[in-house]
Structure formats: C-alpha cells, structure tokens
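Here's a structure for you.
The first chain written gets the first letter, and so on, giving A, B, C, D and E; residue counts start at 1 in each chain.
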Amino acid sequence: MLDVIWLVPALPLVGFLAILLFGRRLGEPGAGYVAAAAVLGAFVVTVGAFFDLLSLDEHHREHVSVLFSWVPVSSLQIDMALLADPLSITMALFVTGIGFLIHLFAIGYMHGDPKFSKFFLYLNLFVLSMLMLVLGENLLVTFLGWEGVGACSYFLISFWHTRESAATAGKKAFVTNRIGDWGVMLAMFLGFQAVGSVSYSALNGAAESGALASSTATGIALLLFVGAAGKSAQLPLYLWLPDAMEGPTPVSALIHAATMVTAGVFLMTRMNPVIAASADYAPQIIAWVGALTALFAATIAVAQHDIKKVLAYSTVSQLGYMFLAVGTGAYVAAVFHMVTHAFFKALMFLGSGSVIHGMHHEQDMRRMGALRTVMPITAGTFIIGWLAIAGVPPFAGFWSKDEILLFTLASSPVLYVIGLVTAVLTAFYMTRQVVMVFFGEARWESHADDHGAHGEFRPHESPPIMLFPLVVLAGLSVVGGAIQLPSFGIIPDSWRHRLEDWLHPVVEPGEAVIKGTAAYDAKSWLALLAIACAVLGIAAAIAVYAKGRAKPFEPELLARGWRYDETVSAFMGGPGRRAFDAVARFDSGVVDGAVTGTASGVRSVAERLRRGQTGFVRNYSAVVVAGVLGVLIWFVIIRGVL
Amino acid sequence: MELIVFVLASAMVLSGAIGVVLFRNPVHAALGLVLTLFGVAVHFVSMEAHFLAAVQVIVYAGAIVVLFLFVIMLLGVDRAEDLTIEPLKLQRPVAIVLGAGVTVLVAGAVVRGADTLGRETNASAPGDSNIRALARSLYSDHVLAFELTSVLLIVAVAGTVVLTRRLKKSEG
Amino acid sequence: MPEQFIAPSIDWFALSPYLVMVAGALGLLVVGALTPRWPRGLYSLVSALTATSAGVLAVFIWNDVAEMGPGTLVGGALSHDAFAQFVTIAVCAATALVALVTDAEVRGTVLEGPEIHALLLTAATGAMVMGASNDLIVLFLGLETLSLALYVLAASERTAAGQEAGMKYFILGGLASAVFLYGIALLYGGARSTNLGEIVARFQSTVALERNDSLVLAGLALLIVGLGFKVAAAPFHVWSPDVYQGAPTHVTAFMASVGKAAAFAAMLRVLVIALPFHRDDWRPVIWVLAIASLVIGSTLAVVQTDVKRMLAFSSVSHAGFLLVGVEAAGHRAGEQISGDGLESVLVYLALYSVLVVGTFSIVAVVSRHAGGSTDISVFAGLGRRRPVLALALTILLLAQAGVPLTSGFVAKWGVIQSAVAERSYAIAIIAMVSAVIAAFLYLRIMVSAWLADPSEVEPEPVPAMTGVAIALAAAVTLVVGVYPELLLGWTDAVSNFAR
Amino acid sequence: MHGAVDFPLLSMLVLVPAIGSLLVALSPRRRPEYAKLIATVTSVGVGAMSVWMLRAFDSHSGGFQFVSRHPWIESWGISWHLGVDGISLFLVVLTGVLFPLAIVGIDPHNDDPRRDKPYFAWLLLLEAGVMGSFVSLDLFLFFVCFEIVLVPMYFLIGGWGYEGRVGAATKFFLYTMLGSAFMLVSILATVFIASANGLGRITFDLVELAEGASFAASTGRWLFFGFAIAFAVKVPVFPLHTWLPDAHTQAPTAGSVVLAGVMLKLGTYGFLRFGLYLFPEAARWSRPLWLTLAVIGIIYGAIAATMQGDLKRLVAYSSVAHLGFIVLGTFAFTSQAITGSVMQMVNHGVSTGALFLMVGMIYERRHTRQIADLRGLQHVAPVFAAAFTVVMLSSIGVPGLNGFVGEYLILIGSFLTARWWVVVAATGVILAALYLLWAYQRVFHGEPDEENRSFPELRWKEGLVLLPFIGIIVFTGIYPKPMLERIEPAVHDLIEHVSDRTGYVEPQPAAISIDDEHGEGE
Amino acid sequence: MEPTTTSYLVLAALLFGIGATGLMIRRNPLVMFMCIELMLNAVNLTFVALATRFSDIDGQTAVFFVMVVAAAEVVVGLGIIISIMRRRPGATVDDLAELKG
C-alpha cells in the first residue's frame, strides 16, 4: 500500500470535492456518510501502509513518494511529496482512525443542523490538511497542511458564525496561530539557507552529520517551537484554544483535542535531530514552557464550570506534558502521550458532546448532575476516560504520563515536581467534572424552565451512531497503554517498548538515554508515587464535590484564567487599538497631509502671487522696469564690470 | 560754442522731459514734449543730421504733438491731474528708484563703453551728402524696411477704422 | 559727385509669401471698401486662403533653400533659410485657423467688414518678417507691425474688458518697444551695425581678450527685456493675463499663437544666431526667465476661475518651456554642431500654435453661447451637450498638459531632450514638475466639461468654419503626437540658418 | 525561436485594443449596445491572443520572445520595439484576461446608456496602454504607455466613480504624473549619457542601453532615482502611497480591478525591467533604502488597513502591504525572491482584483461600502461568502492558494540576502490575517440585521466572472510550476546581468547532502 | 571743447530714464503716451550720436524708421484712447483695472 500512499490524502480530497459539488443534493445524512467513508478509506490505506512498513527492515522503513514538483526555483526545489515512515504513519493512523469515529459521531451530533453538509465539507478538508501535515516530506508540505488545518479550524470554530462569540473565537484562533506560523516560516528560511532544502531528510541529515551549525540548529528549533506553541496552545499563545470551544463539539474532539493541536508536538518530534543539534538551552526552554503550561492550565481547569472549558484547559495542560517530554528528550513518550491523549480526550470531548446533545446544548456543569442515570453509556465511557487521564493504571494515560515524568526527573527535579503537582491537579479537576456531571443531584431539573422551547425537558441518551465511537474510544483508552509498556519486572519483554522500537528509525533516543540515571533506577517507585498522586487528586475532589467535606476552592482569579486572556484582550482593545488608530491617523494626517499640504501650499503661494497681479497698468510697468533693472544689473554689473 | 549749444539744448530736452512728467495739465505736458523734441532737433543739427532734425520738427513737433493736443481738446481731458495724490502706495518712490536705477546703469554702460566707439570721424560727413547718403541707404540696404513701413501704415489706417467705427444701434 | 546707385537685387519668389499676405490684406481692404457686402464668411475664407497660399509658397521656397543653401534677401534685410520658412509656415497655419474662427466671432457686429481680416493678415506679415529678419531694424518694424495690429485687435470689440486690454497692451507694449529699440541702439553702438550677419561677423573677428563690450551687454539686456515682454516670460508677462482675458477670444488665439511664435523666432534670431558669442552672458538670464515663467505661469494658473485667464497663465508656462529650449540652444550657439535646442523650440512653437488656436476656438464657441462669459462654469456639462466638441477640447488640453500621443508631448519631449542633452538637468526637472502643476488646471477644465453636473443649457451651435479649425487643430495634435516623424524628419534643416 | 513567427502578436496586443477603443468611440451614439459588443469582441480577442502567446512561449529561454521592431521616430533614435520574457509574460496574460472580465462582467451602471460608449472606449484605451507598458522594450515607448494610462484611468475614476471621485482622480493623475516627470528627465539623461559613454549613438532601445552602456556609479544612481521615483509612486512605496486609497476607493469597480490588478504592477515591473536591468549598480547600492521602505510598507499598510471603516479602502491599504512584499523581493537579488515577486505581481492582481470585484458587488447590492453597515452576509449569501473566503485566504497567503507561493518565494529568497528585513516582513502575514479576518467577521459573520437580510446571493453571471479568478487562485497555489519555470529563466538572466555589472554573487544556500534526497526532484 | 558722443549718450540715458519714470507715475493715458515718446526720442538721440561717431548712415536711417513707427503708434494709440474716452470720459489708467488677479 506504500505505493499508493497518495490515496491517504486523496480520499478525503475526493470526499471534500464530492461534498463541495453535490453537498446540497447529498443532504443529511448522505454527506456525512460520504465524508466518513472517505476517512475510513484513508484509514484502511494507512493500515495497509502500516503493515507494509512493518514488513520492511527497520532501516528501510521510509518511503518517499513525489507527487509533483511544487515550488522549483533554481536552488530551491520543493516537491509535493509524501513521506511514509513510522512517525507519519502513526500519526496518520490515529488521525484517520479517530477522525473516522468522530465523523460518525458528528453524523448524529449535527443532526438537524441546516448546514449539515457544509460541516462535513470542512471536516474532510480538515482531515486532508492534517494528513498533508503529517505525511509531508518536507517542511513546506507540512506547512501546507499546517495552515490548512488552521483554516479549517477557523471555519469550524466559527461554524455557527451568527454567534458573535463563535466568530470572534475563530478569528482569534487563526490570528494566534499565524503568530506561530511566523516562526515556522522563519525556521524554514533558516533551514533553507543553511542546508539548501526544506526537506526533513536534508535538515535532519545535516543535523545528525554535524553539518548544521549549533546556532542555526538552535534558531530553527526555537522558531519551530514558536510555531508549535501557537498550534499546540502553549504559553503564551494558548489562549485561542479555550475560546475554540465555541465550535461544535465533534470539532473540539477532533481538532482541538486529538489531532491538530498535537501537530506542534509532531513537528518537534519530526525535527528531533535538529533539536538535538541545538544549544542546550533550546530543549530546556521547550521543557520549561511545556511544564509551566501544564501547571498553569491545570490550575485554571480547576475552577471552570463549562464542561468543554474544563476539557479545553485540560488539553492545554496535557499538551504541556508532551512538550515537557519533547524538551527532556522523551520523544517516544511524547508521541505515546499524544496517542493515548488522543484516545481519552477525544472520548471525553465526544462524551461531553453527548451530554450537551442530551442536555439540549446546555454546557454549564452547575446545571448538570446525576446524568449517569439518564445516559449510562455516555457516563460509563466518560468515566473510563476520566480514569485514563487521571493516571490510574492500567488505563492508557497512566503509562504515557509515567514515562514522561520519568524522563523529567532524569532531566530536572524541579520540572518533575511541577509535573507531579500537575498530575494531582489533573486528577482533581477531572474527578470534579465527573462528579458534577454524572453524580450528585440532578440540578438540571430546577432549570428545566430555561429550556421551555423544547416542552418537557429531560436529558436523553444519544443515538447509537454517537455511542459507537464512544465505546470504541473507551476501549482504546483502556488498552492504549499497551503499545509502549515500560520495562517493569512483571511485564513480559516482548510487550515492552513496542512504540519505541517502531519509531526507532525516526526518534533516536529512547529509554536508553536515561539508563543509568537515578531516576531510571527508581522507576518502579516513581510509578507508585504517580499512582499516589492520582489517588490523592481523586480523593480530594470526591471529598469536596461528592461528599461536601470542604467548600470548593474555585477562586475568581482561576475561573478567569489568571486574567491572562482579559489582559491580552484589554491590551489589544486598548493601547494596541489606539496604536493602530494612531498609525491610521498618521497616515491621513501626516503622510497624506504632506501631499494635500503641498497642494494647498502651492495654492496659497499662488493666491499670494496673484495679488501681485493688481490690474493697475502702472504697477505692471513698474514690474517691467524692475525687470529691466534686474537684467541690466546682471549684464552691466555682473557680466560687464565684475 | 558747440558745448554751449549742447548744454542749452540738453537743458531744453531735460526740462521739457521733466515738464512732461510733472505738469499736472496734459496740455502743459504736451508743451513740455514740444520743448524736448525741439531740443533733440537742435542736437540733431549739431550732429549734422539735418534731415532728421527737419523731420523731427515737422513730423514730431508739428504733427504728432498737434495730434495730441487735438485729442486732448476733443475729449476734454484737459483737466488737471492731481499729482499730489497717489492712489497706489509705493508706486512713486519705486518708480523713481527704478527710473534712476535704469538711467544710472545705462549711463554707466555707455560711459564704460565710450572707448570702444573708435576714433571720432566727424569730418567725413558733409551736410549735403548726409541726405543723399540717407536716401541711398533707405532705398538700397533698407528698402525692405522702407516698404515695411507701408505695411505699418496699412495697419494704422485699418486700425483707426476699426477702432473708431460707429457702433450700430443694435449694439447699444 | 553722386555715386552710382545700385538697387539691391530682389528675389521676388523668395518674397512671395509676404507679398501674398500684404496683397491679401490690401485686396480685402480695397475690394471690401468698394464692393457691397460680401457673402457671409467670404472674408474669412479669403484670408484663410491667403494665409494658406503663403504657407504653401513657403514650402516651395523651403525646397529652394534646401537645394541652394541659406542666404539673405534684399540687401541682407531678410534671411533666406529654412528657419524663416518654418516660422512662416507655422504663422500661416495659425493665421489660417484664426481667420476661420474669426468669421463667427465678428459676424453680426460692426466689425463684420474686411478690416479685421486685413489686420490679421498684416499682423501675420509682421510676424513672418520677425521670423525671417536679418536686420534689427527690420525685426523692429516687423514687431511693430504685429504689435500695432494686435493693439487694435485687442481693443476691437468694444467691451469694457476689450478696451482695457487694448489700453494696457498698448501702454506696456509701447514701453517694451521703447526698451527693445533702445537695446537695438546700444547694440548698434557696440557692433556698429544693425545687420545680424554683420554683428556675428564683427564679434567673430574681434579678438575677445579683454574686450570691453558694456554697450553690447547693456543693449543685450534691453533686447532680452523687449523680447521677454513679447513672449510673455515672467516677470515680463504681467500684461498677458489681462490682455488675453480682455481681448476677443479669436484675437487671444492669434496673440498666443502667432504673437508668441514670432517673438520666439525673433529671440532665437537675436540671441542664438546674432549673438552666439555672448551666450555665456545671456544664457543665465534665459535660465532665470525660464524658471520664473514655468513656476509663475503654472502656479498662478491653478487659482484662476476664468478659462481664458487660465490659458493665459498656462501660456506663460509654455513660454517657460520654450525658454528651456532657448537655454539649451544657448549652450552650443554658434558651434558647428549646435545641438537640438533651436530645432526643439521651433517644433514646440509650431505645435503649440496649432494647439492653442484650437483650444481658444473651443473657448470662443462656448463663451459666445454663454453671453461672452469665459468663466469655467460655462464649460460645465459640455461633455453631455457637445461630446465631440468636448472630446476635441480634451485632446487639446491633454496636449497642452503634455500627455503622450499628443503633439504637446512631442513638443515638451523635444525641449526637455535638448536641455538634458546639454546637461541642464535642474531646469529640465523644474520644467517637468511645473508641467505637473499646470496639468491641474487642464484637469479642472476637463472636470468641468465632463464631470460636472450638466447644466440645463441648450447645446451651443458650432459654426462650420470654427468647427473645421477645431477639427484641423485636433487632428494635427493627434497625428503629430502619434507619428512625430512627420514633423521631425522635416525640421532637421532649420538649424542650418543664414548668417 | 518562437519569436520568429510572422504574426506581429505583440503589436496586435497593443494596437487591437487601441483600435477597438477608436471603434467604440466612433460607434453610433444611439446604439449603445454596439459599444459593448465591440468592446467585448476586442477584449476577448486580445485575451485569446495573450493566452495563445502563453502557449507558444518557449519556457526554456530567458531572452525576449515575439520580438517586433520597427523604426518609429528615427530622428530621435526611437523604435517600436516590443518583446516579452518571463518577467512580463504573465503580466501580459493577466492584462489580457482581466480586461475582458472587467468589460463583460462588470456593469458600468450608467444612468444614461449613452455613457457606456466612453466607458468602454476608455477601458480599451487603458488596456492598450497597459499592454504597451508591459511589452515595450524602448524607453520612449514605455514612457508613452506608462503615461498614457493615466488619461483613461483619470476619466474612469472621475466619470464613473463614487462621491469623492473628482478629487481622487485628480490626485491620482497629478501624483503619478509628478513621478513620471522625474522619469522623463532620467530617460533622456540615460540616453544621452549612454551615448556619450561608449554607446556612441542616441538610442532609446532598452536592450542596447542595458547591454551597451555603462555609467559612472554616481551618475547611475541619479539616473536610477529618476526612474525609481516614478515607479515608487506607481507601486506605491511608502510614503508615496496616499493617492492609492483614494483612487481605489473612488474608482468604479472595473477601475479598481484594473488599477489593482495590473496598473500598480507597472511600478514593480518597472523596477525590475528598467531599474535593475539598466542600473544594476545603483539598484544594488540603494537596496537598503528600498528594503526598508518595503518592510515599512508591509507593516504600515497592514496596520492602516486594519483601521479602515471602508471596505474598499481596506483592500486598498492591503495592496500597499502586498506590494511591499513585491518590492522586498525585487531588491533581494536572488532568483527565488525575484521570481516570487514576479509571480506575486500576478497573484496580487488576481486576488485583489477579485476582492475589488466582490466589494463592488456588495456596493451594488447595498449601496454602501462601510463595514459598519454590513452584517451577517454569510448567513444570507453563503456562496458569495465562500467565494470571498477563498479570495481572502489567498490574499492572506494561505498555502495551497496562489498568494502563498509568491509570498513564500519572496521571503525565502530575501532571507538569503536580507535576513532581518524578512524577519520583520514576515510579521506582515500575521497582520494580513488580522485585518482581513476582522473585516470578514464584521461583514459576513453575525446575525444579519434588517437591511442585510435581503442581500441577494451570488448570481450566475457574477459567479462566472469570479470563477476564472478562483480557478487561477487554486491552480497556481497547487501547481505553480508552469508559471515558475517560465519566469525563472528570465529572472536568472537578469541576475546574471546584475552579476556581470556589479560583481555581485548571488548567495546560494549551502547545499548539504542535496543529492541525498533530490534524486527525482531535479 | 566739443561735446563728446558719450555726453549725448548719457543725455539720452537720462531722457530715457525720465520717460520711464513718467510712465510709471502718470495716470493720464495721454501723458503716459508722451512719456513713451520721450523714450523713443532718447533712442533717436542715441542712434544719431552713434551714427555720427561712426560716420555710418545706418543709424540715421534707423531714426527715420523710428519716427515712422512713432507716428503710426500715435495714430493707433490715440485711436484706442479715443474709443475708451468716448465710453468713459475722464478715465485714468487706474480706472482700467477690472482685469486682474
């Protein structure tokens, strides 16, 4: 299947075009099925490619297929080329796989929406872009996908664009991402200047062979990280992601949890030799930004009331973990966490979508409660997701988070502590959410009047087409950890480090690098410590929210996200806007003023001169005689005498 | 002797000229003009340009000034012009400065250029042959110019016709 | 002992253009006086034909000159060279056009008779003489013939404005004539002759070391002033806006075309041909006059509201352009390879003459319909009322502004080219910038004609002969603009002039 | 060589619209429909010829093709010398394609049908002038065409524009004419100095001058600046841009489309063809100035655009920013950057042309261009909004659409020689997203109010006009190679020329292990 | 002692200057006209003085032509003045200042 790897993006493209041309005729649910089928097809091809690769010798697990020469100008030769290697296939697998599930879910979720087919149009376009991103053979093709997913994200966030907030959120996401794109573009330029190419093989090859100067590598790494921070919602560029929850929930699940936001992590992983070749402070900056983002977002999540906002901040926090992993050299762990996170976070988003669907678009958790009774499957799957993210073994999240923490300790104890604290908070706020939504008393009944339009209000379980993806994802969240089990004594050797081995050609450093450090030696104890932290967080949350042992600690400051967003908005709306206005005024006043001023200056000089034209013939004669005198002075005195 | 004539004639010329400028009554100004013209005629005589002196008196003083006076009388514009009032400020001092400046510069130029004029060769122009030479020049070298004056006169004639033709009733 | 009187030989054929013109004028006067009223328009037609035939004769004479080389006529009074023929042709062309326009302008008034046309023809004769003169006295006589006729023509329409214009023109013109004449006298003192050929010869032969020529210089100063007045170069332009505005429109057209052409031809004769060895003396003055004219002409034009006055100031600006060419000609005046300055000025003159007559003809048509007003508001809506007329106006104005594919551009290109060829960059740039300022005024007229709200005015009648004149002017403007080689291929010879 | 065809293609491209204009002007006044018919036939014919030329163009040659040369004004050394190379090729085609769309697709909306006639006549004359500017290889001819376009444009703005049309038209005319004033003097000085320094004769032929003449450094710089002022005004380069918002805003839709689409390119094209080619040394020397102005223009134009309340003004300011990129690329002196600039000229023409087209449609429907008066159009006119979105994304520079390829090439090429300028310039991509999306949000998003509720959807005819634009936008974005491979040889020759004259060496990126991964890409 | 040519020329210059000054000072068109005549006479004086000095008859011929011109000018000038005065009796040139600016 490797030879037809182009089918992977081509199928969603076909789906996109089909819906573009016949969307209205396909209608509901036809468009949804077309779209889902396209993604499923892509998944199938990817799976085929996966096995093809697997059958190859480890060092030949790389297949480049050049579609056509894209931007060829003299020394710059960029092909539209796809690269199938373990990393990209891994990404493509879960993009298409989870993508397919979410498409299915959306068919149910978007039921009745007047723009049903358009939604799937965007979704297919998104999958296409995401696949170009991950399959790109060079930075530019990735960038094509990178911007494509950004644009789709924009369309989908502002899908319900008549809502002002949705429109604003879409714009915000796009513009913030563009700040990151600035970094990606400059990184490409720098890479091109240094290597003469923007292809991964050239850049990474140069970095590995030492041909890439350390300063250049640092520049590329950090600039790429700027882009990654934008796309993956890291400090200080994260603030578009919580707002992005304005989009329909399947979008949040697909784009803002599972796939697009992990693109930054993917890119950093893809370029890991360059990071390795860069100065030491480059990965440290990445690690610190990741750790701080993880902690920072977790604190905010603690005080959110919107069911999706909690998940959004949680996503930011988990992405922080992944960057922490990237920064500490745990690329495999990063990818691992990316995959598991994709499972359980997509699951929870879809679950929340199911809740919102059942609650007739109510998102405030304070108006929920006891929903397990009316939507048992949703509740059950959500709880699995909760356990996974909280880090309870043997669910998927435990394994990946544990590996990240292990590497972190090997790198820096301070970061490790931050990671642990975040883990506690994660367990805490997720438990809080599960309790508030599914347990306790049914607070929605008192608010039933608000939904008067629907007549009798009663939350209901979602249709099977929405539940099926939940179940599948729940299953994956349970067993997902199996792809990269650590080397504890009880785990058989052949089960260990599957992912690491698979990714080996792409990602050189694995657990081996930290072998011999104190952290590595204490890894079993560390695992226990992590479990303890998870339990601590869960217990605390149950104590507060289920048992009412203590008053909930939800300070205003945290609820408002440390006022970061407000400050930025206030700056943009205040001094920023004033500065822009000043430029516009400068333009009309000074720059254009100089032009009109010149014109009116000529005019006023002319008016003054005009008064010299008095109409009196004697004045005129005086002017003529004065001219005579002047000319005489020139000729007689200056030319004659002097 | 010639110096005395020169001085006297120059006095006539200048006083007449100043009279033209300063006499309030245009009739008096015309008479000042006559004085100047006569003075110039005297100079012509003293420079042996007899024919021109005659023409000067006959045409200029005789015809042109008479024409002036005639027009003054015809139009009744012989009222005195009040020279004590100058409606245009600065006009007078500026005029005097400019006039004086031009005079000084031209005079300076001719004085400076005096030595380039060559030897004085007065002797070779006997009074009689002067007219003959003039005629010869007029009808040979300057015959075209001479003929051109006729065109000029056509203009003058046609011009007066145009300018003085009575208006039709319709034009009011 | 009378010497043998030797009458100068007279080449009658070479003089034929002048004779035709004078004969035409006399014929009009005499026959017109003796016979009852001629059919309408016949006077105009006759004078246009007269001017045309004089122009055609000049073409033939040109061929003679081209074969036999330049010389002089009638005892050295007139030059017999391509330069003279070129000026004659230009003057005749402009005169013919003006004559066509005049008919409608004077019809039905007291001036309907032949006199106006006779004056036009004699004035044109004076202009031709100026262009051909090889003697300062002849030049002066030509100038006076032209000027006197213009005084009369300016005052011919008995409106207050016309009379005021005539009066001002007359007094200031008298002053300028006196100054010019005094210049001739002083130059005579310095050069001992009034004949241009002899003047050149004299300065050529005089060893120039330590030469005290303050008489020549003073004379030159006064000559430049006199000529500067006639070409309406700032600051000697003061008369021109008032006179252009006050004079009847067809007369204004005549002044701006024939008057200016003759005066510039005279200027070239005096400065470039007669006094090339003083070029370093007079060139800077021309430089200053050029810049003053360009700047004052174009800036003052911008603030006017009367179209004729605007065009008067624009004509000052054009004078500035022509002076740029004169200045350029001054760089290598008298040398074997004399540059393109002189040629460019002549080309400019010829093209501008046609252009300006066309423009003023349209002004005449519009203003007569509006009761004599030439305020810019009367042009409002012309594009709706008379699109073809407005189109012609547009072409002519664009040409005046120097937009490519019009003769105005060719003209400007020529003078700027000659200036740049002499490395007079500053003056070239100033000229071009002032052309941009001046363009504003042409745009204003065009805006009024095309873009202003159409006023509810009946379409103005376009008299047939005026229409022909306008059409001819516009056609020349475009044809020469697109294919300048027609004219340029022809003017190479003009710098080969008589000395 | 393909240029040896007997058919005088380029002359036809220039003369056919001119003749068409004349025919329109002469068409009977009472039958205004003839005017449109003639205009349509003419412009479509020219468009077809230009496309045919594109097909016949030899993509491997960097030299001039379809050369046609005849004496014109021999006394002045001026000839009718036309030719295209990769730099001008697509601009010619763009001109050929844009005009029929503007003529057929945009209604002049005259209250009086008789006013159609001058409208079409001016448009065709404009086409002739623009074509002439792009294909002329003679300085005089170029100047004539460069200057003549002002007249039809002036009348189009002044006659068929909006409220402030007369002032805007006048400003446009005088401002650009002022720039040309310097160029005229400079052209002449170039010719004379060249004739004195080695060339030995007066000729206005571009190729002869560029290949045969050499100037002392300071002379060349003065001459270059004479040209540069004219081009800088036309582009327009900050701070000479203020005529543009006025002209663009007040022009009728067709005028804006043509103005943005091709006329601004006269400036950027002029820089390449007459600046770099004639005065390589001076262009190299003055590089920091232009790069700085370009970057200021990018940022400044974007910021100013953000704050505009008038949709057309916003697009106009965005042009300032976009053209800043083109100038940046031009003066970067690398193959990628200059190729990108040439491509971006076309791209900007397409995408901004389409934007103006659609703003015109909005105006026609709502009689306002004020962003504040518009709301929620996407809700009532989704197809229209979709088309607008595609064009907008192209303008923002989203990969996969044409705007990106040009911008990317400019930036990556410029990075080699002007790193820090690029670092600043690249922020322009952020600002571009900001102002366009913000405007889009205010106009298309939200709940439509009463006045906007009846906003009509895109009509078939309008869609057909927009379709070519969108087609080009998508096709060039995905497959720019046909374009790049035609542009590149000419750019290469140009840089060679600069190198020959100034000893400049085009920096090449360090090619590490390039053979490893580019077996099939070469 | 004889008067030199230069003294004639200086006298002429004075006469010219007075004429020019008068032209600028006087308001009556007729008197202004006379001032022009003064200037022309200055020219004549110059011509004759120079012609005498050079023994060259051309200078005198020139004077002859100047006189003709002066006569023609007077005819035309007086014609204009009459036509104006008929309309507005007693007008000075200062009254003729409608055209300006």
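We adopt the following convention: contacts are C-beta pairs under 8 Å (C-beta built on N, C-alpha and C of every residue); 3 or more make two chains touch, one makes a residue touch a chain.
These numbers come from a predicted model, not from an experiment.
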Inset, instruction - Go through the assembly and pull out the chains touching subunit B as well as subunit C. - result: A, E
Inset, instruction - State the pair with the higher C-beta contact count; candidates are B-E and C-E. - result: B-E
Legend entry - Most centrally placed chain, judged by C-alpha centres: D
Inset, instruction - Find the chain most remote from subunit D, comparing centres computed as mean CA coordinates. - result: B
Legend entry - Chain whose mean Cα position lies farthest from subunit C: A
Inset, instruction - Would you mind pulling out the distance in Å between where the CA atoms of subunit D average out and where those of subunit E do? - result: 65
Legend entry - Centre distance in Å when subunit A and subunit B are each reduced to the mean of their C-alpha atoms: 101
Legend entry - Inter-chain centre distance, subunit C versus subunit D - centres from mean C-alpha coordinates, in Å: 43
Legend entry - subunit A-subunit E separation of Cα centroids, rounded to whole Å: 96
Legend entry - Residues of subunit C engaged with two or more neighbouring chains: 137, 141, 144, 148, 151-152, 155, 158, 167-168, 171, 175, 179, 182, 186, 189, 192, 213-214, 217-218, 241-242
Legend entry - Interface hub residues of subunit B, defined as touching at least two other chains: 88, 91, 94-95, 98-99, 102, 105-106, 108-110, 112, 117-118, 136, 141-142, 145, 149, 152, 155-156, 159, 163
Legend entry - Residues of subunit D touching at least two other chains: none
Legend entry - Pairs of chains found to touch, sorted by chain label: A-B, A-C, A-D, A-E, B-C, B-E, C-D, C-E
Inset, instruction - Using the touch rule from the top, collect the residues of subunit E that touch subunit B in their complex. - result: 1-11, 13-22, 24-28, 30-31, 33-35, 37-38, 41, 44-45, 48-55, 57-58, 60-61, 63-65, 67-72, 74-76, 78-83, 85-86, 89-90, 92, 94
Legend entry - Residue ranges of subunit A touching subunit C (in the complex, touch as defined): 602-603, 605-607, 609-610, 613, 615, 617, 619-621, 623-628, 631-632, 634-636, 639-641
Legend entry - Interfacial residue positions of subunit D with respect to subunit A in the complex: 171, 175, 238-239, 241-243, 300, 303-304, 306-308, 335-336, 339-340, 376, 378-379, 382, 393, 398-400, 404-405, 408-409, 411-413, 415-416, 419, 422-423, 426-427, 429-430, 433-434, 437-438, 440-441, 444-447, 478-481, 484-485, 488, 492, 508-514, 516-518, 520-522
Inset, instruction - Would you mind writing out the residues of subunit A in touch with subunit E in their complex? - result: 610-611, 613-618, 621-622, 625, 628
Legend entry - Contact footprint of subunit A on subunit B as seen in their complex: 88, 91, 94-95, 98-99, 101-102, 105-106, 108-109, 112
